[in-house]
Structure formats: C-alpha cells, structure tokens
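Working notes for the structure below.
Letters are used for the chains, namely A, B, C, D, E and F, taken in the order the chains are written, and counting of residues starts over at 1 for each.
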Amino acid sequence: MKKVEAVVRPNKLEDIKDALTKQGVAGMTVTEVRGFGRQKGHSETYRGTEYTVDFLPKVKIEVVVSDDKAQSVLDTVIKTAQTGQIGDGKIFVADLDQIVRIRTGETGEEAV
Amino acid sequence: MNTKTRLVVGVCALGLFLAQGGTIWAQEDSVVEVAAETEEASAPITAEITAETVKFMVDNLWIMLAGALVFIMHLGFATLESGLTRPKNTVNILFKNVMIICIGLLTYALIGFHLMYPGEFNGYFASSAFDIFNNGITVAPEDAAQTANLTSAYADYTWYTDFFFQAMFAATCATIVSGAVAGRIQLRSFLIFATLFVTFCYPITGSWKWGGGWLDQRGFYDFAGSTLVHSVGGWAALVLAYLLGARLGKYNSDGTPNAIPGSNIPLVAIGVFLLWFGWFGFNGGSVLSADPALVSLVLVTTSIAAAAGGVAAGLTSWFFGKPDITMALNGILAGLVGITAGADQMSILDSFWIGLIAGVLVYMFVIIIDKKIDDPVGAVSVHLVCGIWGTLAVGIFGAMAGAEQLKHQLVGVVSIGAFTVIFTLVVGIILDKTIGLRVGASEEQAGLDRSEMGMEAYASDSVG
Amino acid sequence: MNTKTRLVVGVCALGLFLAQGGTIWAQEDSVVEVAAETEEASAPITAEITAETVKFMVDNLWIMLAGALVFIMHLGFATLESGLTRPKNTVNILFKNVMIICIGLLTYALIGFHLMYPGEFNGYFASSAFDIFNNGITVAPEDAAQTANLTSAYADYTWYTDFFFQAMFAATCATIVSGAVAGRIQLRSFLIFATLFVTFCYPITGSWKWGGGWLDQRGFYDFAGSTLVHSVGGWAALVLAYLLGARLGKYNSDGTPNAIPGSNIPLVAIGVFLLWFGWFGFNGGSVLSADPALVSLVLVTTSIAAAAGGVAAGLTSWFFGKPDITMALNGILAGLVGITAGADQMSILDSFWIGLIAGVLVYMFVIIIDKKIDDPVGAVSVHLVCGIWGTLAVGIFGAMAGAEQLKHQLVGVVSIGAFTVIFTLVVGIILDKTIGLRVGASEEQAGLDRSEMGMEAYASDSVG
Amino acid sequence: MNTKTRLVVGVCALGLFLAQGGTIWAQEDSVVEVAAETEEASAPITAEITAETVKFMVDNLWIMLAGALVFIMHLGFATLESGLTRPKNTVNILFKNVMIICIGLLTYALIGFHLMYPGEFNGYFASSAFDIFNNGITVAPEDAAQTANLTSAYADYTWYTDFFFQAMFAATCATIVSGAVAGRIQLRSFLIFATLFVTFCYPITGSWKWGGGWLDQRGFYDFAGSTLVHSVGGWAALVLAYLLGARLGKYNSDGTPNAIPGSNIPLVAIGVFLLWFGWFGFNGGSVLSADPALVSLVLVTTSIAAAAGGVAAGLTSWFFGKPDITMALNGILAGLVGITAGADQMSILDSFWIGLIAGVLVYMFVIIIDKKIDDPVGAVSVHLVCGIWGTLAVGIFGAMAGAEQLKHQLVGVVSIGAFTVIFTLVVGIILDKTIGLRVGASEEQAGLDRSEMGMEAYASDSVG
Amino acid sequence: MKKVEAVVRPNKLEDIKDALTKQGVAGMTVTEVRGFGRQKGHSETYRGTEYTVDFLPKVKIEVVVSDDKAQSVLDTVIKTAQTGQIGDGKIFVADLDQIVRIRTGETGEEAV
Amino acid sequence: MKKVEAVVRPNKLEDIKDALTKQGVAGMTVTEVRGFGRQKGHSETYRGTEYTVDFLPKVKIEVVVSDDKAQSVLDTVIKTAQTGQIGDGKIFVADLDQIVRIRTGETGEEAV
C-alpha cells in the first residue's frame, strides 16, 4: 500500500476530493498546514513594521491506496490541482507496511 | 478542602462580626441613617416637586448614565488589548483588566475619592481624608450635613453619583497601562502597581486640577482628562514598558523590530467601538450636568474628532502601504483622547482638525516608538502622545486659544508628567528589586496563560 | 418550495385576516384608541407642563433605559455561556439564549405580566387575568381607565414601560437555567420547559412578593430579585441538571470529576462585563423611579459588591493555586446576585461584605457542586447559592437587619424554593417520560451543534 | 520615514494654519461664539428653571442617548457581518464598517445634514445648503438666530443633538450595503460608493419625507425609516450585489447555489443583540421627544416585533430542517425592520403580526434570493424585503390602516426605490468602468484580508 | 522503528492515550484532522441551502515505537478505539529510517 | 528522497526556518500539533478541579530533501532546536518513493 500525500492550495480541496471520489478512492484525511516552496512568502506591514509572511496556508491531503492505484491517484491530483502558477504544491508518495480498519480489524488491501 | 472550609468560615465569621458591629453601631443613629438612605433623602423631592428638584433629577440621571457608559469602557479596553496581543497571553490580560476595575472601585472608595475630590490632598492630609474607617468605604451619610450630600445642596448630582462617575473614571487610568506591558509582566507586580497607581498617583495629580488645586488656580484647563487621565496612564505605560524591556523576539539582534500580529481583530474592533460608546459618558458626563447645549456640543465634538482620527490614521496607513485596521482603530482612539481636554471649548471644525492631527500623530508615533519601546497595543502613542496633543490643543484651537493658555497647558502637561514618571519609576524599580517585574524567559515563551494562569483562552474540543 | 410557499401564504393570510378583524374591531373605539396612543396620552403633558409631569417623564425615561440595560443582560448570558462550554455546543447554547428572550417577551405579554403584576394570581384566577385574547398580547388601552395607564395616575412610569421593564426581567430567569444544562439537553425539551417556566413558575412566585401577595404582606423583602429571579432560576438549574445527569466524560468511573475547560474566555469576560452593565438597570431600575438618592445609592452598592466579589473569588482561587479568571468573573456575578435583594438597604461597607462573602461562597460551591452535579457555567453556585445568601443578608446587614427580618427572609427563600423545585421536577419528569430530556450519547459526543443544529460555530476557510 | 515626517508636518501645519485662521476669524465675534457655546446658551436654563426648561432637558437627554444607542448599531453590523462571512475576509469587512461610520459622520456634517433637514433639497439648491465652508463642518452657532438653535426654540432638543442623532442614523444606511457585497468588492470602490451614498442618495430621498418634502405632503408615513433607511440600504445592496456577481464558488456550473457557512456564529449573535439594543434608540428616539406614552409604546412594539420575527424565522427553519440560528437572528432583524415604519402606530397585537410575517418573509427570501444573487449576510431579505413589508404594513395594520394610506405607502416605496436603484446603478457602473468594482480572482481566492489588507483576523502563536 | 499513525474519533483520544501510556509508550504526537472513509459526510442546510459536510473531524495520533512494540501498540489502539460503528478510523504503519532525540542527539532505539 | 519530520517547540520555528533556508532547503510544510514525550504534561486547575494537560503544543516541520542532504538537515535542526531541556522534541526520518511538483509535473530529485 502507498500513502499519497499532496500539499495543495486550499481552494482546490473540493475539486480534488470530487475527482478522487469519482475514481473510487474510499477515504482521505485532510490537515490544514502552512508551507513554502518556490512560492515564497511576501512582505507585509503590521502597524508600520514590515515583516515577512513566510508560510502560506495549504491543505495536506493524505490518501492511502493499494500500490496499483497510486499512479492514477497521482495523476488525478496533478490534473486537478495544477494551475501552472507557483504555489501549486507537491506530492509525496511513501510505502506503508501495514494498514488496519479499526472497526473490523481487517488489514492490508482489505482495509483500504 | 479543609483549608478551604476554614478560610470560608473565617471570612464569613469576620463579615458577620463586622456587620453586627456595624449594625449595632448604626443602631445608635439608625434613625438618621436609614431615614437618610430611604425615606428622608428622597423626601424633599416627593414632598414638593419643583422645577428645581426635577432638574436635579435629570442632571443626576445623566451623570449616573455617564458613569455606566464609562464602566463599559473597561470592557472595551479588555477586548482591545486581548485582541492586539497573542493568544497565549489572552487570559492573563483579561484577568488584569477584570481585576483593575474591581480593585480600583474598592480603593477609590477607601482612599482615592477622598484624596482627590474634597481636595483633601490640597489641604495636605487633613485628618478626615484618612479617617478611612469612618469616612472610608462606608461613605454613608451619617449626619444631617451628609444627608445634604444626597440633594442638590451638594451639586447637580448626589454624593453617590459623584463617587460612581469618578470611580469608573479612575480605574480607566490604570487599565491604559496594562496593554503596554502585556506578555511579560508578572501578574502580582502589575496588580500591586495598578493598585498603588489608582489609589495614590491618579488622585494626587487629579486633585491639582479637578480637586481645585494649584494647577486649577493657575488656569490649566483639562475638560475631561486628556492629561489627568490619558497622559497619566500613558506616562506610566511608557515608563513600565521601558523598565520591563521588550517581549522576547520583538527585536532582532540588529535592533530592528519584528511585527507580532494581534490574535483577534474582531475583538479589537469591538473594543474600540465600545470605547467610543463609553466616551460619550466620559466626555459628555464631564459637563457634570445635563445642560442640553453643552452636553450635545460635547457629543458632537467627540464624535467628529473620533471620526477624523479614524479616517486620518486609516488613510495614512493606506498611503504608506495597505489600509491597516489597527491603525484606523488606534486613530479613532487618538481622536477621542485628543478632543477630551477641550471637548466643550471647540467648534465642530476645531474638533475635526484636532482629531485629524491626532490620527496622523498616532500613526507616526506607533511606528517611531515601536523602534525602541515594545508597546503591543500602542498605548503610549494613543494616550500619552495624543493626551499631550489634546491638552496643548486647548491653547491652539477653540474658545480658549491663546499663548497664555498654551503656557498654562504646558505647565500642566509637564508637572503632571513629571510626577507620574517619578511615581512609576520609584514603584517600578522597587518592585523590580523585590519581587521582580518580569516573568522568566521560559514562562514568557510558553505564554503567560500557560505559565501564570494555567488556562487557555481558546480550548478546542478534541485535544486536551 | 411548494410547502414553503403555502406556509408563508397561509401565515400572511392569517395575519391579514386577524389584522383586518383587529382594525375593524378597533374602528369602533378607534377614536379612543388612536387618540390614547398618539395624541391625548401625551396631551396632558404638552397641554400644561408642570414639574409633576416632567418628573413623570424623568422617572419613566429611567425605567425605560433600565429595561434596555436589562435586555443587554441576555447578550451577556449568551456570551458567558457559550464561552464556558465547548465549541461543539456553541451554536446550540446561543440558539437557546436567543429563543428565550423572544419567547419570554411574547408569553409574558400573553400571560405572565397579567398573572404577576396586577397580582391576579393572588386573587386566584380572577377572570380578567386569563382573558388573554382581550387583555392578552394586545395590552392596548381600550378605555378611559386604561388610557390613564399611560399617565402618572398609573405609576411613576407608563403601563408600557412597566411591561417593558418587567418582561426583560422575566426572561433572565429562564436564561439562568440554560447554562447549567448545556451540552446534553434536547433543544425542544429545553424550549418547552423554559416557556412554561417563564409563563407560569416565575410569575406565580413573583406575585407572592412583587404582586403584593402573601410573602409581601408577611414582611419578606427582595429588592430586585436575589430570590424572585436568581434563586428561582438557580433552583430550576439545579433540578434540571440533576435530572439530566452529567455530560459524558465529566466523571471518572471512581466518581472524581474531570475539568472540561471553556472554549472562549474572551466571550466569558464580555458576558460578565455586559451583565454587570445590565445590572445597573436591573437593580437601579428596581427603584421604580429616578429618585436621585436611592438610585445612586443602589448603583454604588451594586458596583462595590460586584468588585468585592470579583476580588474575593479571584484571590481565593489564586491562594489555592493559580488565579482563575472564570472564578473571578463568577465572583463578580456572585457579588451582583448577592447585593440584589438589599441593594437599597445597605451602606457601602455592608455591600462590600456581602459581595466579599458571595465571592468566597461561589468559589467554594463551584468546587463542591462540581463533585456531584455537572453545572458547566456555575449557574447554581452563582444564582442559587448567592441568591439565597443575598436574601438572607437583608436580615443580617443594613437598614433592615434583625432576627425578625431574617425569619421573613428564610420563609421567602424556602417557600419560593419549594414551589420552584416542585414545578421543575414535575415538568422535567413529564418531559423526560414523554419526549425525553436528554440527547442520545452519540449526538452528545458529536456535539449538539453537529447533531441538533447542523451548523458549526467556527468554520474555517479551507476544510469544508 | 522622510516622506512620513513630511506628511505629518504638512498636516499639522495645515491644521494650525486653519486653526489660527479660524481663531482669528472667530475673534471678531468671539463674544457671541464663546458665550453661545459655554455660558449664555445654558444661561436661560440656569437663570430661571421652569418646568418647560426642564422638559427640554429631558427630551434632549433622551435624544442624545438614542443617538448613542444608534451608534452602537454600527458595532452590531460590524460583528454580524464579520461573523457571517469567511475568516479570510474578516479584517476587510471590519475595516469597511469602521470607515463608514467615520466617513459618514464627517460628510453628513459637511453636506448631508444640510441637504436633508432644513429640507434644502426641497428648496432646490438654495444657496445656503451648499455654502459648506461657512455652514458646513463648522455647524457653530454664529449669530443670535443660531444660538436659539441651542434652546427649545429650535425643537425639543438642540441643533447639536439633532445632528448627533441624524448623523448616526445616516451612516447605518451605508453599512447595510457592506454585508451584501462582502468578499469580492474592491475596498476603494466600496468606500467611494458608500461616501457618495451617505452624502447624496440617503439625504435626498430622506428629505422627501423627513425634510418635509413632497412625499411627506402626500401623506406617506415612515416613522423611523423602514423605507428611508432600510429599504434604501437594501436596494443599494441588491443592485451592487447584482453588478458584482457572486463570490467564486458560490454557484455550481448548473446554477445551483453552494452554502458558504459563516465563520463565527457568536459574533453574529453579538451583532444582532447589539442591533436590537440600538434599535431602542433608533425607533424610540424617532419619537423626537421623551413623551412617556409614545416612547414606551414604541419600545414595546419594537421588542414584540423583534421577538415575533425571531420565533417565526427560527421555527420555520426548524420546520423545514434543523433550527437555523442565523435564520432566527435574521428573523429578529426582520421584525425590527418591519416594525420601524409604524412603531408608533401599532397596537401590541399588530406589532406581533408584523414581526411574525417579517420573520417568515425573511426565511423565504433568504432562500429565494440565494438562488440568483449572492448576498452573504441576507441584507436584501432583511432590509429591503422587510423594509417594504413594514412600510406597507402601516396601511394594513394599526391606527393609520386603510386603502388610501396603503396607496401613499406604495408611492413612497416605489419612488424612493426607483431613485436609489438609479443612483446605485449609475455610480456602480461608473466605478466598474473606471477603477473597477471587483477584485481579481486570485485576490478573491486568497481572501481580501491577505490580498487587500495584508493582515489576518485570527493569528495564532506559532506559525507566522 | 515504526511509525504507527491512527486516525480515530476525537473522543477516543483520552482513552487511547491512557492505554498506550500504561503500556509504556513514551511519547506521541496528535493532530486535528478531518477525513472520510466508509463513513461519508452528511448533508446539512445552511440558511436554506443544502450542502454536504464531506469531512468529519478526526484526530490523528502518531506514535513512534521500536519494531517489536509496533504490533502491541496496534492492538491497543484497535481495542480502545473500536466501537463497531463506521467512522472508527484507520491505522497506518510505516517504516522509519532514523529517529533523533533533539535534546541529547541520541538516535535510533535509544531515542524512542 | 527523504522526509525529515521534526516535532519541535513552537518558538523555535522561525530559527529553524531561517537556518534551513540559508542552507538551501527549498521548501517545508508546518503543522500545529500537540504531543508529549519525556516532557509530560502538567496538572492544572480549572474552576477548582484538577486536570492534567497531557499534550503540549508543538510544531511539526516536514522537509523533503534528497538523500544526500538529509543528514545536514538533521544536524541543522538539532543544532537550532536544542535547548537541553526536556521538551526539545524529536526528529523522524523516512524514505519516500516518489515526489512530484504539481505545477510542472516534474518528479524525483528535480521536484524537491
């Protein structure tokens, strides 16, 4: 099983969720995060003092899928989240050892 | 619980004992007392209703309402300050604001009011002023002379109304300080300072003018307290913020300041609107009667100055970058502080200019002061800078304008400033050397809410 | 939409029909009615302006303003309660507070006011009291006798002012309950209870004293409602919290309580400041005139008791651990509830002690009650315990102190308490057996906002 | 800083220059002016206190207090709107609300008040109305005739009180608009629109009725502004929301609307309670005297309509799903807007029906309008729909009911609506074609707080 | 070393923490997240407009343990978090390369 | 590629960000979390009732870097976050299968 972790623009969340659901993804977990990459923060003024907002709000979407589906999830996320502007985000894929559905105790592919 | 039970039983017993004592002692002249409080005091009014007695009722009603409006300014300060500081210090700053009004009312009843108003301090410690156990918190009309204090023989309002209005005023002065020292002062040190400040410092300088003291006789004018309330609070804020030093992380190693954004801007807006609302009582009540022409003029000059200050600071910040709501809100307060000294002396156009300049001044000084002194809420810029500006403005604009008056104003600003600075320095340094002014670095980093209060301002459902 | 359209059309049609009926019916004596309402009622005043008519204007103005101040207490309760409970129940508790004032005003116009004030209940169901379709919500002055209700022949205020002030009062009583049952009561059960409570329970016990009933005749004294409002609300809070049981997770298996911290402390502070502000109207308006001596005395005793309560509870909590702002804020309310029964009978020193003891009591009882009964906002400790304390204090402190009076106070506390407990038990148990009092466990765990209201109190931008 | 310093010095110099000019110029008739402002104006009152002068004091006091209450409605709008919109636009909407009251007060002093009240517009640009540099912001009583403006020769209140009350009113009108256009309008475009709106549009239509203009003469009745204030604001809200288009993401490709939940429901509740509180001044002050019978009637009809509206909208939403607190709160506002046109003409039962129907209407129209027009806070449903309903209700319910009156009401609704729609369209389209009405898509997505204001409403401790 | 990541009902957090602590787990990290799985969101009405709340609030617990303890941690979480209703949550287990205690600089098993 | 996950004191975030940026790290993602380790919570009193605050606020920093840079990132974080007091935090390093830059679709080292 793979864990696909995508850090994307908050306003893309709805679309990504819809696209993935359509494609049969059965679950996902979302966290509000802040980050920067190529898209650096910008400088703001608060009460006359300049400061840099280094971190911009992003949303991290975690989707666990079986190995064979990982690529198609990747493709869907890329297609849906891409605007071509910097700040579009990143996807990280990692391998999982094990996965359990708590309700039933099922493990592995069954549990996805 | 055992200790707790004992404590409670003890306090109750003490209270009952004193109450019984009080009751017994009151027995002697209870005829007078009760009568004075319930029947006879109101008797002259119900006995024969004349236009004079009804005018007394109206005047008194207005001053009572003005006192209630000034009271709500304490909520304004509380939300303003907790909105402009970080969430990890929110409970701490709320606690300070809550305690100040409570402690302030009590000590003002015990000492401050007597010190300031009958002008006892001007009489250099005439005995009765400090006979606090008889005249002190009791403030009951015990004899015929004092019963008169509840009629128009006293003023356009009763003795109690006088106390109510002035006590609410007094506590605002200490509250001004709490914002400037937010996030790093020890709670107990602050409370001790604030108590001494409202008990002694404010009434003493206040008596110089409003108690009929030497500044009053020289011709110094301060209608509702640009100097007597606001710059006094502002000086104390400046000195304490200086003694404390900046919050950790406020200045970089090269001395440049960092911005530490406020945690809750809606609370800041709520605070400023409530302060403006309360200021109708602060300035309007300072007419000390419900005189239609004067009170309504004061309400209009107050509003126009506030509006001009808000527009000026808002647009100035926009001109130099983005429209900064905290500046606009500080600008409103700047306009209010600025008009306070001469709210009854200005034409509408005068009040517009006073507010406009106050708004620009507050924008400038927030930035300038921030370079050296860490004042999270801009208390010094609002209350000290604009308090001075407003006081001087009485000599520049309006009915009293003139070089002579400007000189009187300067003398007032300097003398009251000097006393307040010295008072604050002495008390501040003593506190620093004894119990300490500032919390430890790790307490500060964790936030005062965690380290001093043991409570979070915003708890979520799921994570303990 | 079809059903909706039909509903709306139906309601409008009904309204128009009734209005036309009303208009037609009003036609008959419209000369009297319109005149009474617009011209003639004010005619005597404009016709000849005497000191008496102007005094009537002042008194009436003050009671109207006091009513507006009591109104804002409902906002105080709403923010206090939503700040002290968890975010997942915030919308639910706000909805309850909003509905109570709305429903309370309507039913008080329909029934409560008639039941309580002309003292009809004392006359055991004299017909006119329940002639609700004529005397009920209409409350219009239909004949000469009632036109007089708009002049000083009625009181120091008009009939409408009387209703306005008393209706705002009545609804506070039910609001007290909502905090104690937060987080687990079914919305509909609560609303039904609150409606019955404000329609019947409060007016009936209220009429015993303020309607001129038997307690009044025996000598029971309750100036502004330590018992008639606060302990009545407190008893209902206690009984309902007991019937409901604790929130899930409040008690461990060994019976020890867990702390469930409040979600938004700034809201708690806003609530308490607004309640204090409103209390100026609650107590000050209870003088029922703008009598300068009495009203100003009441404002001062009220403030000193609040301040003493805040300081006492704040310092006590500090003494036993860390300074607890929720305790200090509860202490302010405790002082306010405590002084309410005798605010016009106390010297300033008396009010200090009453508030101080109330502050210690509230600290103690919050802890004691928390061991057995789950009362998230401390409503029982504040309103019941200090309501009783304040009522008894009239026999211990101040102008009426004495053993005889203390006995009268006790009789009042017990009889009104007994009635309220029985009323609440009966209604509560009936509700429990029929539609049920408590939400299901999974609804409670998800939070009432999700399960009952379908809305979140604090939505974020990004995550749906 | 250099530019900043120069700016500040410049402004101060300008102010001082003008002030000196003003002072010098004032020197000439300073005897009159100062006297008028401080001594003589109050002289007649202190000279001989008659029942008439005291009545004038009471009336004036009430209108001043009513003005203060209307002021606090601006805080109500600010919190209501920021609670109902998303957190990423909170600072922006607060800034708009803060600026509107400030700008509104200033332009109303400069132009609006003169345009509306002396009814100059009815005199078609009589010179004095636009002699703004003499009569404008100054509003000082410069000669004997104007000194009379500070006595009862002017009205039951002073000229200043008149301005204070009316200026607070005027600004509410523009604030209504800001909620409907939240989240997508450019700040500068909005501020320009609002300034023009409060300076010209509101005073012109206002003068038709309250300035004694043609609608007044035809028999149109609008007690406190269901049409003159609320539907005027509502029409502008509708037109601007239409010109702007919906927020991104509000409508799906098939045209169905999405819900965009409000960010902070406690702020919404605070807003509505404060608006209700302020409405006591809005409606009660519109009696324009402290007449006991009329003012107390108005307070009761206002409260009953609000309560009925809240219950109606709350229960209707519950009937069709879950109890929706935002609907209940909108229902309260609906009832308040509905009763405003005839608050002094209705019996209590009438006001109940008016409020009830308003509550159902607001529920229906929020849903209907949401299908096509994106109005985040329901401003159109509350202020336009219920403003029209309330205006017509004067012809259906209460003392003036009748077909003739209904026709007058219709004429008023249509003519004022037409003028406002045209005004808003013209100004809106010009703004759109020149500087643009709407922010760019990426600014909108990032949130106006980030893109336009450079500040976050809720900053956390740890993440910059 | 293994990282055990459990997404569970928020109100189970206390119990899980207690159970794991009893069993000797030395640390954990908790994040507030939102997610869906079999347990789909539900439809709500806001001001008369229906909308779906897709994501429900969950809590993500991360526990890093030595390889041999991973299974017992898994078992404890399953036992404590299970209610048998959908929405009970999921557990993901992944392998870690390295782990460091910042205070001391210790690495590997030492650092757990 | 490695994912370095550091759980540190919130007030160290600025310094760590500056140090890593200086060293050429191109992006990072930050989450507000709560946790405990050796540093246990402490007991508080709320309205007279004692309770334990088990979890203290921490910040989780995720940095994805190429394998060769992982150690230097680790070192920098340790150096910057260390105070020597318990509560300094922990670092977890895991292997990533894949990484994608959404804007361009680049993958692997390119995408870091």
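What we mean here is this: a residue touches a chain if its C-beta (ideal position, glycine included) is under 8 Å from a C-beta of that chain, and two chains touch if they have at least 3 such contacts.
What you see is a predicted model, and the numbers here were worked out from it, not measured in a lab.
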Contact-graph separation of chain C and chain D, given in steps at minimum: 1
Smallest number of contact steps required from chain B to reach chain C: 1
Homomeric contact chain A-chain E: same or different residue positions, threshold half: different
Cα-centroid distance, chain A relative to chain F, in whole angstrom: 18
Gap in Å, rounded to a whole number, between the CA centres of chain F and chain B: 45
Touching two or more other chains - residues of chain F: 11, 14, 30-32, 34, 44-46, 54-55, 85, 94-95
Junction residues of chain D, two or more chains touched: 51, 54, 58, 61, 65, 261, 264, 270, 320-322, 324, 326, 367, 454-455, 460-461, 463-464
Complex contact set, residues of chain E against chain C: 9, 11, 14, 34, 44-46, 52-55, 85
Chain A-touching residues of chain D, taken from the complex the two chains share: 249, 445, 454-455, 463-464
List of chain E residues in touch with chain A within their complex: 2, 6-8, 31-38, 54-55, 58, 60, 74, 77-78, 81-95
Chain D-facing residues of chain B, complex: 51-52, 54-55, 58-59, 61-62, 65, 69, 86-88, 261-266, 269-270, 272-274, 276-277, 280, 284, 290-297, 299-300, 303-304, 306-308, 310-312, 314, 316, 319-326, 328-329, 332, 344-345, 347-350, 352-354, 356-357, 360-361, 363-364, 367, 396-399, 401, 447
Residues of chain F touching chain A in the complex: 3, 17, 26-31, 64, 94-103, 105, 111
